[in-house]
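Chain nomenclature is as follows: A, B, C and D, assigned in order of appearance, with residue numbering initiated at 1 for each chain independently.
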Amino acid sequence: MCRWLAYSGTPLLLDTILYKPAHSLIDQSLHSKLGVETTNGDGFGVGWYAANGTPAVLRDVGPAWNNRNLREIADHVQSPLFFAHIRASTGTAVQQTNCHPFRHGRWLWMHNGSIADFHLMRRELFLLVDPQLFNGIEGTTDSEMMFYLALTFGLEQDPPGAVARMAGTVERIGHEKGVEFPLQMTVAVTDGVRVWAFRYSSKGESRSLFYSSRVDTLRTLHPDVEFLQEVSDETRLIVSEPLGDLPGAWNEVPESSYGVVQPGADEMFTFSPQAA
Amino acid sequence: MCRWLAYSGTPLLLDTILYKPAHSLIDQSLHSKLGVETTNGDGFGVGWYAANGTPAVLRDVGPAWNNRNLREIADHVQSPLFFAHIRASTGTAVQQTNCHPFRHGRWLWMHNGSIADFHLMRRELFLLVDPQLFNGIEGTTDSEMMFYLALTFGLEQDPPGAVARMAGTVERIGHEKGVEFPLQMTVAVTDGVRVWAFRYSSKGESRSLFYSSRVDTLRTLHPDVEFLQEVSDETRLIVSEPLGDLPGAWNEVPESSYGVVQPGADEMFTFSPQAA
Amino acid sequence: MCRWLAYSGTPLLLDTILYKPAHSLIDQSLHSKLGVETTNGDGFGVGWYAANGTPAVLRDVGPAWNNRNLREIADHVQSPLFFAHIRASTGTAVQQTNCHPFRHGRWLWMHNGSIADFHLMRRELFLLVDPQLFNGIEGTTDSEMMFYLALTFGLEQDPPGAVARMAGTVERIGHEKGVEFPLQMTVAVTDGVRVWAFRYSSKGESRSLFYSSRVDTLRTLHPDVEFLQEVSDETRLIVSEPLGDLPGAWNEVPESSYGVVQPGADEMFTFSPQAA
Amino acid sequence: MCRWLAYSGTPLLLDTILYKPAHSLIDQSLHSKLGVETTNGDGFGVGWYAANGTPAVLRDVGPAWNNRNLREIADHVQSPLFFAHIRASTGTAVQQTNCHPFRHGRWLWMHNGSIADFHLMRRELFLLVDPQLFNGIEGTTDSEMMFYLALTFGLEQDPPGAVARMAGTVERIGHEKGVEFPLQMTVAVTDGVRVWAFRYSSKGESRSLFYSSRVDTLRTLHPDVEFLQEVSDETRLIVSEPLGDLPGAWNEVPESSYGVVQPGADEMFTFSPQAA
């Protein structure tokens, strides 16, 4: 339903990633190639870690492609870790509190996909959210609910485990309500240091998700691409759709997997929902 | 926290009531005299019954005083029954789904006041909402929650009883949470035929509420006021603050009372919360 | 750059034309088939003649497809004559004052197309606008400038002549500035009684424009289509792209032509720019 | 009609100046004490010089007091030089392109006041703007026109001279149109290094303008105020209304004067309009 992008690495102007590439996220807001919808014009958000290490979030309800404030931020703000998201609503209100990324303390969360027949399970899921966290829910999306369930299930201590328990819970309650394939998700979550990215769907037909190749490998392949000289080996992008058209740059995240972008070697693991 | 106005009577251009009077609701959005805040600039809404008898609702997040679409509607739409509301948020998100009036089927609801320490009781109150109605809640205000509790408690069959049960429930749960004075409200609700207006607060110090005098009485007092010649005897206004400065035009709704504006003689009753 | 629709005939809920048809204008805001852009999400407007005969205009800066206030108006307002427009900006600010239709007194104007290299001639064109009208220009679009030039050249007395003089002037100044094909336009203009619709471009490759067939003819072709029984013979639509898929319903407006929808027989004429 | 603030000195989070002080600019948006209007809710803007030395501008149409994106920027962006402005429109459209500060290249401009009977002179003033600059005018305010006139008259080479010629021109044309007191202004303008602040009105009754005392003096007066220990001697604020309530902190800019905040000693001069 949406498209997103997560960047981690050498501090860059957001513009470098959000606007500059050939098939940039901003371009995808008008012309998505791999999304369920070609247009993602129902709000957007960008979250970045500022100089003091805390995440800032800019969100607005119009399309990203014509938003002047986003353009300003992209042209003037540098960050080593940022998330960006463009939304295509399927009826839920278009309002800031329904725009991604969502934030809790140091954590950012964004999502593409949906809980099928969410209206059937929304109340049950609400009841499972930690009462201490409950009032943090400001919007009405399934995505924010997934975040608060993951927080309830220990996201801050064990992100992959908490996301697995969230997914398992959504599937259990979905099945109780007669929903065959309750969950469809690509999710990115970060604490400002590491980024976890999940690709999963109950049906095994998940939305597209790609990660960029190691920068040192790409540098060898493309010694003349200036951008690659400017960023560290640690630099990594995870995206709903490939940006640009550099051969060898993009790799699909496998079905039912999650990756961790972190200081040192990044890792990829199998993902399976767990009972909670 | 807000100001509102309910009109019932001879079909009028909304402008006649919303903009024209000396101390109009639009003027109150900048310069409220009796409100807790002088400025009510955190969104607004107007709901009117159209020619086919169904309610239309226009809401937006900016101030009413500079909204051009509201001006257009006011200049071109006539209605025999309309609600208008200007909002002063105390922190809750400024978004359309938090603007009044709220609608359910043929019903409109608007509110000035608050549930004290709403964050302490929001989850409990949520659980009391009829699961069939639950997904209709789109925003995060106490006002919308009060509406859905009243609907749960039979608003469509017995408005005064349902509002009394809602108020009793809010007070009961508030007291359980240690909140001394849980409820502060002036509420207007309508089905498009009758308007019920409530003034109540747990502390007995309710926000201001006024109703206009009988038009036939006013006509005798002010034979030269043209407007009074143009509207029927049945015409009635209920307002947070008096409009204009016509002597004898406004009467305070007593504490712990509610009025019913209806075809035939209007009525006033005592209001007391009930256990539910 | 945009898509528009003009309706004249039996008073209808705006919804009947704006949302209901298979390939409605609202659908075109997301998925235009014949437009230069597939997405028209940079604001929208609707203008309708109200019961008192004056035009109301509702405009907003987000996409039409997710706008709740437009949905409300469409569901509750009836009119015998209305314009609707969805915008795709090519860089000009997305703001209400750049949304169509534009209004002057009883007149509404909307446009699809552009003045090529408008920035080269904007100042010169400004100087040609009647100083009495000058301050009415609130936005920065070529479309609004064309309206004010047409008003300057006598739109209220002789619409086809004034539009011809506007077009001639734009072409003259464009040629002076070295612009080969200065004008591309489909324009609709109305005084609330008649609608004039123009299709013209300097290059002879104008944007698409269609008008609906006579209702009596369509009724014979499609005796089972209920909608056709409900509207008068006089009912007419002019659209950038055909709505629905009724065979025989749509006819292309020829290049360099204009039509007049009016009480009695409608008419079609050749259009050619004139020196002014 | 508006309120503004200019900061130059030790790089600070915008929050430190925009939100933290007792009578902050954000507070003034709801409760101005010295302004013509108590509410300044018709849009706002903030411009800051980023790490690369170029100015970023964030503007929006709602009130500053409830804008979450402004809050985010203030909490996460540091700058050594920033402008902030809150607007109270007197009828001109509330849109981003009418919000201050205005930008041209490295320059920022903001204004409080008005050109009296601007509608009478708008066209004449437009004609005086350098045709090369003309298309940069995106909005409809007198404030932006003043900026473009000053640019036309050499703002980038000689700011005080250009502003004097702008003021002289507005007065000349105003007098030609029969306007007795054409100009009322407090203006701030910067190139990112120096800030010029002007206080002038044709009538000699200019809007309020204050500058902060030397930090070293204040430190002696208030050795216990922590904030003063953290900022350099060069730190300076210019404001429409004093922030906070520190005795000795604020000094009125005299009538018909301008000050220059710059590396080294700041300066104050007499201002008088000049023929251009």
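By definition in this document, a residue touches a chain if its C-beta (ideal position, glycine included) is under 8 Å from a C-beta of that chain, and two chains touch if they have at least 3 such contacts.
Here is each chain with its UniProt name: A, B, C, D = Class II glutamine amidotransferase.
Predicted, not measured: the structure shown is a model, and the values here were computed from it.
Visitor: Please give the intersection of the contact partners of chain A with those of chain D.
Guide: Touches both chain A and chain D: B, C.
Visitor: If I list every residue number at the interface of chain C and chain D, are over half of them used by both copies, so same, or under half, so different?
Guide: same
Visitor: Mind checking the centre-to-centre distance between chain B and chain D? Centres are C-alpha means, answer in whole Å.
Guide: 41
Visitor: What are the residues of chain A that contact at least two other chains?
Guide: In chain A, 68, 93, 96 touch at least two other chains.
Visitor: Please name which positions on chain B make contact with chain C in the complex.
Guide: 50-52, 54, 56-60, 68-69, 72-73, 75-78, 96
Visitor: Could you list, by residue number, the parts of chain B that touch chain A in their complex?
Guide: Residues in contact with chain A: 93, 95-97, 119, 122-123, 126-127, 131, 134-135, 138, 140.
Visitor: Any idea which chain D residues touch chain B in the complex?
Guide: Per the touch definition, chain D meets chain B at residues 30-31, 38-39, 41-42, 61-63, 65-66, 68, 89, 93-94.
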